[in-house]
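You will see chain A twice below: alongside chain B first, and alongside chain C after that.
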Partner chain A sequence: MAFFFAQFLTGLANAAALFLVASGLSLIFGVTRIVNFAHGSFYMLGAFIGIVLMDLLPGHVDFWGAILLTGLAVGLIGAVVEMVVLRPIYRAPELFQLVATFGVILVIQDLALMIWGAEDRLGPRAPGLRGVWRIFGEPVPKYDIVLIAITPFILFALWYLIARTRLGVLVRAATQDREMVGALGVNQAWLFTGVFALGSALAGLGGALQLPKGGADLLMDFNIIGAVFVVVVIGGMGSLPGAFIASVLISVLNVFGVTYLPQSTLVLMYVVMAVVLIVRPYGLLGREEVAGEHGQVGAPETPIRPYGPKGMALVAALLTLLALLPAFAEPFVLTLVVDMVVFALFAASLHFILGSGGLVSFGHAAFFGGGAYAAALLVYHTGTPMELAFLFAPLAAGLLALGIGWFCIRLTGVYFAMLTLAFSQLVWSLAFQWRSVTRGDDGLVNIWPADWLNGSVPYYYFALAFGVGGILFLRHVIHAPFGYALRAGRDSPRQAEATGIDVKRVQFVAFALAGAMAGLAGGIFVFSKGSVFPTELEIAKSFDALIVVFLGGVKTLAGGVVGASFMTVVEDWLVRLEYWRLLLGLVIIAVVIVMPEGIVGTLRTLWRRIRHSDEEAV
Partner chain B sequence: MSEILRVENLRKSYDGFLAVNGVSFAVAKGELKALIGPNGAGKSTCFNMLMGQLKPSAGEVYLDGQRITGKRPREIWRRGVGRTFQITGTYQSMSVIENVQMALMSHHKRIFSIAPRAWKLYRDEAFEFLDTVSMADQADRPCSVLAYGDLKRLELAIALCHRPRLLLMDEPTAGMAPSARIELMQLVADIVRDQGVSVLFTEHDMDVVFAHAHHIMVLNRGELIADGSATEVRNNPQVQEVYLGGGTLFKEDANA
Partner chain C sequence: MNLMRRTVLATAAALALTPAAAFAQDTIKVGEINHYKRMAAFAEPYRKGIELALSEINADGGVLGKDLEFIFRDDQGDPAEAVKIAEELMTRDGAVMFTGSILSNVGLALSSFANEKKYLYLASEPLADTLVWKSGNPYTFRLRVSTWVQAAMLAEEAAKTDAVTYATIAPNYAYGTDAVEAFKANLKMLKPEVEFVAEQWPALFKIDAGAEVQAIERAKPDAIYNVTFGTDLAKFVREGTDRGLFDGRPVYGLLTGEPEYLEPLEDEAPEGWFVTGFPWYGFEDGTPGKTFVDAYEAFTGETPKIGSLVGYMTAQSIAAAIAKAGATDTEALRMAFEGLEVENTPIGTLHYREIDNQSTLGAWTGTTAVVDGKGVMVDWTYNDPAPYTPSDEDIKAMRPAE
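Up next, the complex of A and B:
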């Protein structure tokens, strides 16, 4: 019982930092609608800067003074990031900004590596709080007790700021209706910068505050970001008390999970999130998001048409070039093109539900990796011929998507995104921990194609046929009545339902189709590499696809394919360099700022301007 | 005269506030009937309950004798009710004619087909519907550049695609210029006459209402206070009380 209670206290203490970081993310999302992936990076910066300041500051103000100063410093960095990177792209399509924040993650990662090195740092102990107190005979670190004691004050201070001050009124008003706040004379740009700085400062504070418990290392950013999103979603977007309750819930569960069910730790919080979202679709204390049917920012999407003669000729020329490539290219080029085609099909399948359906999935890797694993497991365990196993990849991924989609489709917006993420984490942890079947992180190896396809040239044609075939098929569906119905449900669900379209069912079928196509990409992938590892199911893999879709252009049909090809080539070049993350991050940020409509979208706008063929002028 | 729509004791409360409080009325076949009332009277709430966007707290709705209370919008659409919205709902990423083609694809049960090119389907038929609302000349413009009044007309064309028996129009002329209002309502009156469609509409413009509606209902604070011909409604003291601001209109026209 005493042990039980001590465990509970540890959980409560862990909740302090988590709550600080999560409330910052929640504030930023509420006001600016930016899904800030870089929030974990600010947390990491807080830890490193905290250590530096604690060394520098003299006397007994050092520890607590350094924590407060760290908050200020990270807040300042946040303000700079907001002004330089995000301010130019507020008018871009919704969620586009997350790509920029992903670039920021990469930049901060390499900068931290340059400045502080790759070694983990131990955090200094708080003065006077070095030992333990005994509670019912169990040792509990003094610092934990202090953290538990100050957390309610942090909650109260934040609540007071939001509920009782003028800034708080502005923040709440902007959360409900940004345009109206702007129309009432509030300088939106500075409000956004201020909120972003405040949110970053909270993340920095969290990073510094946990130093005596966890220290600082370069993996902190990714390690916490998952938990932070989970907390914000479980609590309900924009609800501070909700974030508090969820932080405590997740931290306490984690502590007990580590003790009693160690294999659950990777996935426990995602299971909790999935259960909460299935029972309460908007989190514990969240409210339904008001669907912004006319709140679309940026240029409206133009009607789609299949390519005319010129476009067809271009595609045909490109395909001919690809078909003739083996005649003169080196094998490594063929491998690169296969990678490109695989990634392009994967991105195109995400683009199908994201662009046409408006369904932002954060867990699309579940279907790519799911397809790859399905084929690999068949080959590995039953010796199924490659041809059959390959067909099984899209089939299994499609079935998986039917299952996951059944739960997810009823949600919308960010909640939909987070539930897909939770399910993909479930699939990932299955591959990672069910070692007797999947061999865990040793992966499944020796999954080679059939004899007649073995060799770089035959497999190149095989990959090209199925990859390009899949992409063309998806394009065809977009131009068919089903694709139109999918867009109708995105443009105006109200009108679609009032004219007999079952929007949720259309989305459900589209989700399954996208899953199957991602599975097909996974099938091509696994036989080209000869192996598959749990990394193919990771969050990072889902985000890769998300980022290239946005980079290519959400509102253009070719966006996914072009973005994926661009990224494959750029990465192939950059990874040879030492600080490739920094460069890749800068490239992403540059593309995002220069081409706010994505690569294809911006090129198209430019092309129209050059030709002066503005149809509306007629 | 038989009824197309019958509403019995319809009620909607939000956390104890009664937005609609026991409303009963009927719409006859081939009738053009108006539902008027000040802002906040419960008109849109009423409409949303008729079309299934909102579930009533109590009461019943019958379409041609069949109970449709609380059914989903697409089920009510299937049974022959079309609707237009107070704030238009159109497919912004499509062209004008594709908006109509989309409604026709739904009408012809082709939503899940993946073989044909959608923009070639039912194009001629869609043109006829656009012609009905005088929008044929704008067929290939992107929907996102249309003027508001044109969006309203496009929405009417979309609503007609399923050959509805009853049309529910929520403020069909809001945001339109006076001449365009008269044109649109004339069009609706023609559709009622030529195609035998019944129409129930809400409206704030009294000129439009008194010029076109066969019968008028007045809603105030969730309760129906009048239901009758234009003259009856004009002479109703309770209605005059509610519309004190527009009183001159009633008095001048009362003797006409």
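Up next, the complex of A and C:
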């Protein structure tokens, strides 16, 4: 019994830092609707700045004073980021801001490396709180007890701020209906900046507060962000008490998981999240997202139409150029184009459900990697001929998408996104931990194409045929009645239902189709690289695709393809430079600010404006 | 817009400069692919070790009358990206072979690629046993000592105590599982009565240290085998020391004594653990090891890490192979690496075994202590890997490619 209690206390202590960071993210999302991926970066900044301040400050104020100052400093940084990066793009399409926050992550990573160096820092101990107290005979670190004691005060302070102050009233009002708050004369810009700064400060506090239990290192931003999103989603996006309950729930379950199911450390929290979301689609204390609540900013989408003769000619010229490329380009260029085609098809498949279906998936890598793994497993274990294994890739990925889609499709918005993320993590951990079949992260190697395709030129044509074929097929589907039904369901589910469209079924089929096409990309990928590893199923892979779709332009048809090509080329250039993450981050932020409709969208607008003024002149 | 333009201009300028430097003179080029950003703490000392060796080699007239040059490229820790870069290095940049990688999965991807395209790959840092054994191939050579051998050294020491029940803690990925399996197999061989009463698998760099310590304590083991490293190790040591987990228990730590992991712990480094590591501070004057340490400190102004040593010996090995081959085509280099002898390395003469393409670099074992507020290894010895390596028949049976 004493042991259980001690375990419970460990869980509560772990919940403290997690709750601080998660509450910040929840606040930011609730008010600004920004899915802030850079939140982990503020946590990391908090840890590093905390160590610096604890070294600088003298005497007894050093430790606790430094923690408070760290909160202020990180809050200030957050405010600057909000004003410089996010403020110009609030009117961009839904979730577009997450691309900008991704740029911020890259910039902060390289800046932290420049300022603090690569070595891990051990966190200073809290003065007088080294060692343990014995509770029922079990040792419990003193600092754990202090953390457990502090957390309720922070919760209370936040509750007071939100429930009892004028700022809190505005924040709550904005969480419920920010357009209305704006209409009532509240300066939204400053409200958003303030909330973003407060959220960042909480993340910074969390980073500083965990120092005596760990330290500061350059990987901690990515290492916490998954857990933080899980907590926020389980609690219900925007709900502070929800975030608190979820932090405690996840932390305590983790402690028991470590003891009784030691292998479960990779997936436990994602399993919990999946279960919670299937039972309660809006988290424990979240509320249903009202349709049209967000996503209505920006100009309404223009009706789609097939390319005119000029567009057709342009595409044909581009394809001819690609087909003739082996005649004059060196072999490496062919490899680069194959990579580009693979990524473009992967991005196009995500774009298909995201742009036309309105379904934002955070777990699309499950199908890309799933297809790659399906083909590789067949070759590796049964020696299946490459041609057959290749065809199995889209089939298996499509089936996987049917399975995952069946659970996810009933959800909407961010909750749908997070459930797809949970499932993709499950697939990832399967590949990672089922070593007898998948060889874990030793991966499956020696997966090369059949002899007649094995060479840079034959495989180039093979990849080009299937890659471009897949992209054109998806485009064709969008222009077919099925595509119209899909977009009807996105724009107005109720009216679509009224006209006899089974919206959920259409979305379900589209989800499976997108999965199959991602699997096709995975199939091309695995035979071009000769190996596949669980990295292809990672969250980062899903976000790669998500980011290029937004960069290219969600409300366009070519966005995914153009974004992917742009990113492949830019990345291939930039990684040659020492501080490439900083530069890439700045490029992403610059594109986001300069082209809020994405590359294709902005070019199209420009083109229309030019042509329009021409017509006027005529 | 200004920001964007400046970035583009800077990029263009940098791109214009890079090739100019590369083609300025006739050099022999070697591709070096690593996770310079994602694992900066490990990759930077490694790179400096290479640069030190290059400065020495080229001051001595280079190889085959030309300067040896390394082209450093960042793969973001992504196996697919690494394969792409390897292809570019070989087909476009004129590299004669490639080396690099810390992560085993990237090493395995590069190894498979090398075998398929008939390029030569020297896996410098990846530790996975499968790289030279089960997935071994004629085009891949490996410098650093394998997980199996290091675990066997610890198991030998563990078998000497009367500890019977063991708990293990290792990061939840291939390296961790391999390290635990190797330790178990070796220890059971030496002492069949041992029992493993708890196996903990924290997620890499996401350890819940308090919970792990409680879970191990609950099993009441006689001894503990630790494979965690980096920030996981720091948290595990803190919680374990605070909660008295290590009191009266022998602990065996794989890689725990490497400066990369021991130094950040400062005065909180664990004491009395038996570990593998790199006790550069204990080398005596006049030994090749000390000569290397002095040269490295003079060259970089920093103290060496294990990565520095591996980087240094990587460049030395490649220079020796090219000199022995007398040519730079892949087949000549591959034949040169078979049974290659590298003279004057920090550990004396290094040898590449013909049977599995593994080098004979060994490992240092010793006991941890805190001296002057720093974690160090004391009573250490350097161990040759031979006694800990599986028999030639076993290795032949494991290598399917030959």
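Here is the rule we go by: the second predicted complex is superposed on the first by the 609 of 618 C-alpha atoms of A that agree within 3 Å, B and C clash if a C-alpha of one lies under 4 Å from a C-alpha of the other, contacts with A are read in each partner's own complex, and residues count from 1 in each chain.
By our rule, a contact is a pair of C-beta atoms (placed from the backbone, for glycine too) under 8 Å apart; a residue touches a chain by one contact, two chains touch by 3 or more.
Being a predicted model, the structure only gives us computed values, none of them experimental.
**Q** Identify the partner contact of A:S492: answer first if only chain B is touched, second if only chain C is, both if each is, neither if none is.
**A** A:S492: touches chain B, not chain C.
**Q** With both structures placed on chain A, which of the two partners, chain B or chain C, ends up touching more residues of chain A?
**A** Greater contact footprint in residues on chain A: C.
**Q** What is the contact status of A:R581 with respect to chain B (first) and chain C (second): first, second, both, or neither?
**A** After superposition on chain A, A:R581 lies in contact with chain C alone.
**Q** One more residue to check, A:F462. First (chain B), second (chain C), both or neither?
**A** neither
**Q** Which partner chains sit in contact with A:W428 here, chain B, chain C, both or neither? Use first/second/both/neither.
**A** A:W428 sits against neither chain B nor chain C.
**Q** Would you sort A:F229 into first (chain B), second (chain C), both or neither based on which partner it touches?
**A** In the superposition, A:F229 touches no partner, neither chain B nor chain C.
**Q** Have a look at where A:T10 lands relative to chain B and chain C in the superposition and call it first, second, both or neither.
**A** second
**Q** For chain A, give the residues common to its interface with chain B and its interface with chain C.
**A** Touching chain B in the first complex and chain C in the second, no residue of chain A appears in both lists.
**Q** What part of chain A is in contact with chain B in the complex they form?
**A** Where chain A meets chain B, its residues are 293-294, 296, 300-306, 476-477, 479-485, 487-488, 490-492, 494-495, 497-502, 506, 509, 616.
**Q** Which stretch or stretches of chain C touch chain A in the complex?
**A** Result: residues 1, 3-4, 7, 10-11, 14-15, 18, 37-38, 40-41, 44, 73-74, 76-80, 83-84, 87-88, 91-92, 104-105, 108-109, 111-113, 115-116, 128, 130, 135, 172-174, 177, 198-203, 205-206, 208-212, 214-215, 218, 230-231, 234-235, 238-239, 242-244, 263-266, 268 of chain C touch chain A.
**Q** Going by the contact rule set out above, which residues of chain B touch chain A in the complex?
**A** Within the complex, chain B touches chain A at residues 51, 53, 72-74, 77-78, 82-83, 85, 87, 89-95, 98, 101-103, 105-107, 110-119, 121, 141-145, 155, 158-159, 161-162.
**Q** If you look only at chain A, which of its residues touch chain C in the complex?
**A** 3, 6-7, 10-11, 13-14, 109-110, 113, 118-122, 130-132, 139, 141, 144, 213-215, 217-220, 223, 227, 254-255, 258-259, 262-263, 265-266, 330-332, 335-336, 339, 432-433, 435, 439-443, 445-446, 448, 525, 529-531, 533-536, 573-577, 580-581, 583, 586-587, 589-591, 594
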